[in-house]
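Notes follow the structure.
Each chain gets a letter, A, B and C, in the order it is written, and its residues are counted from 1.
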Amino acid sequence: MPASESNLTLHGAFARQFSRHARAIIRSPAEVANPLLFFFMVITLFPLGLGPDPQRLAEMAPGILWVVALLSSLMVSGKLFASDYEDGSLEQLAIAPFPLAVLALGEVSAYWLATGFLLALASPIFALMLGLPATGIFTLMVSLLLGTTCLTLIGAVGSALTVSIRRGGMLLSLLIIPLNVPVLIFGTTAVSEAVMGGNATSWLALMGALALGSLAVMPVAIGAALRVSLDQ
Amino acid sequence: MWTIIHKMGSPPWFFRFSGGLVKWLLPLTVCLLLVGAVWGLLIAPPDFRQGNSYRIIYIHVPSAVVALAGYYVMAFAGAVSLVWRIKMADVTMRAVAPVGAALTAIALVTGAIWGKPTWGTWWVWDARITSMLILLFLYLGVVALFEAYENKSAAARACAVLTLVGTVNIPIIYKSVDWWYSLHQPASIKFTGESAIDPSMLYPLLLMIGAFYCLFAVTVLLNMRAELAWNHRDASWLKQLVQGT
Amino acid sequence: MPLLTASDVTIERGDRRLLADVNLTVSAGEIWQLVGANGVGKTSLMRALAGLARLGVEGQIERQAELLYLGHASALKPSLNAMENLRCHPACDVMASDDDIERALAAVSLAGHEERPVGALSAGQQRRVALARLLVSSARLWLLDEPFTALDSSGCDWLDEQIQQHVEAGGGLIFTSHQPSRFGSRQIDLELARFAC
């Protein structure tokens, strides 16, 4: 038995789970780059499909940016718990003497930093590509910051529910797209309001409330869903 | 209270009880549907603006109302299943999902048919229709998740988690779609306010809503009986029950 | 003092009854071995005892001690190195110091491999990293599912020794193995449990 040891607090367990996952993501940078690359490529498709008219693109930019954000979160959330399920880490998480919800949240946070947070940081570039007026860019970043929190947490619930199913990709979309509708509506509206000089703050406040609510509720659902997935 | 819950959890008891219930609920449903349909489609006066085409609300509105209520029934069963681990709650959830999905689909189709003469187009991104469409996705998600799991008790628990998350979300979804619609509302399309409905049209509508609730209950009960019969196909009580009647 | 008590445990999988009326009490200083052919339900019982499987499991399972469970999958992240994998292992309740981890890795003869990604190690070496957890953890109850797979004979000897030490220090364990009895362990033959259905 180890000579020097100290008991781990809940906070420490969260931090350890976070760092374990963050390190794993940093070691395979493709995980970080893929959602951004996806975003970049899909944004390119819109002018090709809709025509290069700058005015029209600018008008549609809030909607386009948010729909693509939703799609890229959809694309990545399927992988969230997949490797943990296969290599047995989830079993160990479920046995750990800490609430599964907290440990899963540690993992999801690391994941969000690598996907949603980076996307929010990089979003001005994509906004410029579509000619989104400068007045909307700050709101876009804040709305993505708050919105991707919700998207990631909801995506994590879907991923936890489908991780044990062999071909869960399509099912995952079906499960989480309807739940993501409010985030899409609030996000798009906030950015549009900001562009038109309206009141974006109240929409951002709504998104903040949604993000906090998701932070409170979703980890419990993630934990319960992971237990179900392990138990077969 | 506890004995009732416990009894409800026992398949033989439930099978006998639901058999009796269906026996009088089914005729009641048929009667209500017939009376409501005749009243609504033939006797109620035509709308002064929409003429006779409005009569589709006697199917559209009840199916939409019951479809939404069905989701809450499913969520309640899901909560019971998660907390008390009662098998019957799993069976209920599984029985409600396809019925709810069908009702939502009926509401959507009748809405589209109604839209053609009223707005001149089959599909309008109206707040209520859009909400119904999202509700359909929610239902289909539950049905698909149930089918995807091989272990059916695991499937029930997964669906319970999903429906509970969905239940928390439904008010937010409805509200957000409402706001979204009011922001983009085209001036030419206006809904006739529900408060303006005349009693001569309202009473048959209420009757039809009642009829649809009964229809929902009957189909769910029949679904549950079918599921139970399949699960216990080798059980002696079932053989006795079938041969006895 | 019992570390784990299981009474009248019955496991069903779908419509099929896998095991019936398994009773066992693991006390401090005891080694239990689950034996039985493939598919008889050894892993299912282990997962039930660990609290991972609950659906279809009837009966009482009580764990009165900290648990270390080692499943078929090693729970190692291939992109992390051995040190990181042990330091951030999700199931440990203690913060092991780097010295402890280094000592544990040296004990499984992986000294010098601490900084290599686990994915670059051989299957046997990966198994050793997973087993090094036994030295880092303070859990008294060990549930080891097929711990001897992918180990060479020196590895098996080392593990034997660890198990003996663990038991002498007041721990208890259950393990599964195809190989006939090691140690003077109490055996529970799951074939018999199945015939009890």
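Heads up, the rule we're going with is that contacts are C-beta pairs under 8 Å (C-beta built on N, C-alpha and C of every residue); 3 or more make two chains touch, one makes a residue touch a chain.
Keep in mind that what you see is a predicted model, and the values were worked out from it rather than measured.
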Label-sorted list of chains bordering both chain A and chain C is B
Need the central chain here, defined by C-alpha centroid distance to the all-chain C-alpha centroid. A
Quick one: chain A and chain C, Cα centre-to-centre, how many Å? 35
So the centre of each chain is just the mean of its C-alpha atoms; given that, what is the distance between chain A and chain B in Å? 32
Rounded to the nearest Å, the gap separating the Cα centres of chain B and chain C is 48
Could you list which residues of chain A touch at least two other chains? 231-232
Contacts with 2+ other chains: residues of chain B: 150-151, 154, 157
Multi-partner residues in chain C (2 or more other chains touched) are 55
For the complex, which residues does chain B have touching chain C? 150-154, 157
Where on chain B is chain A touching in the complex? 82, 134-135, 137-138, 140-141, 144-145, 148-151, 154, 157-158, 161-162, 164-166, 168-169, 172-173, 175-177, 179-180, 183
Along chain C, where are the residues that touch chain A in the complex? 50-55, 66-67, 69, 71-80, 84, 87-97, 99-100, 104, 117, 135-136, 138, 169
Which chain C residues qualify as touching chain B in the complex? 13-14, 55-56
Residue ranges of chain A touching chain C (in the complex, touch as defined): 1-8, 12, 16-17, 19-20, 23-24, 27-28, 83, 86-89, 91-98, 103, 227, 230-232
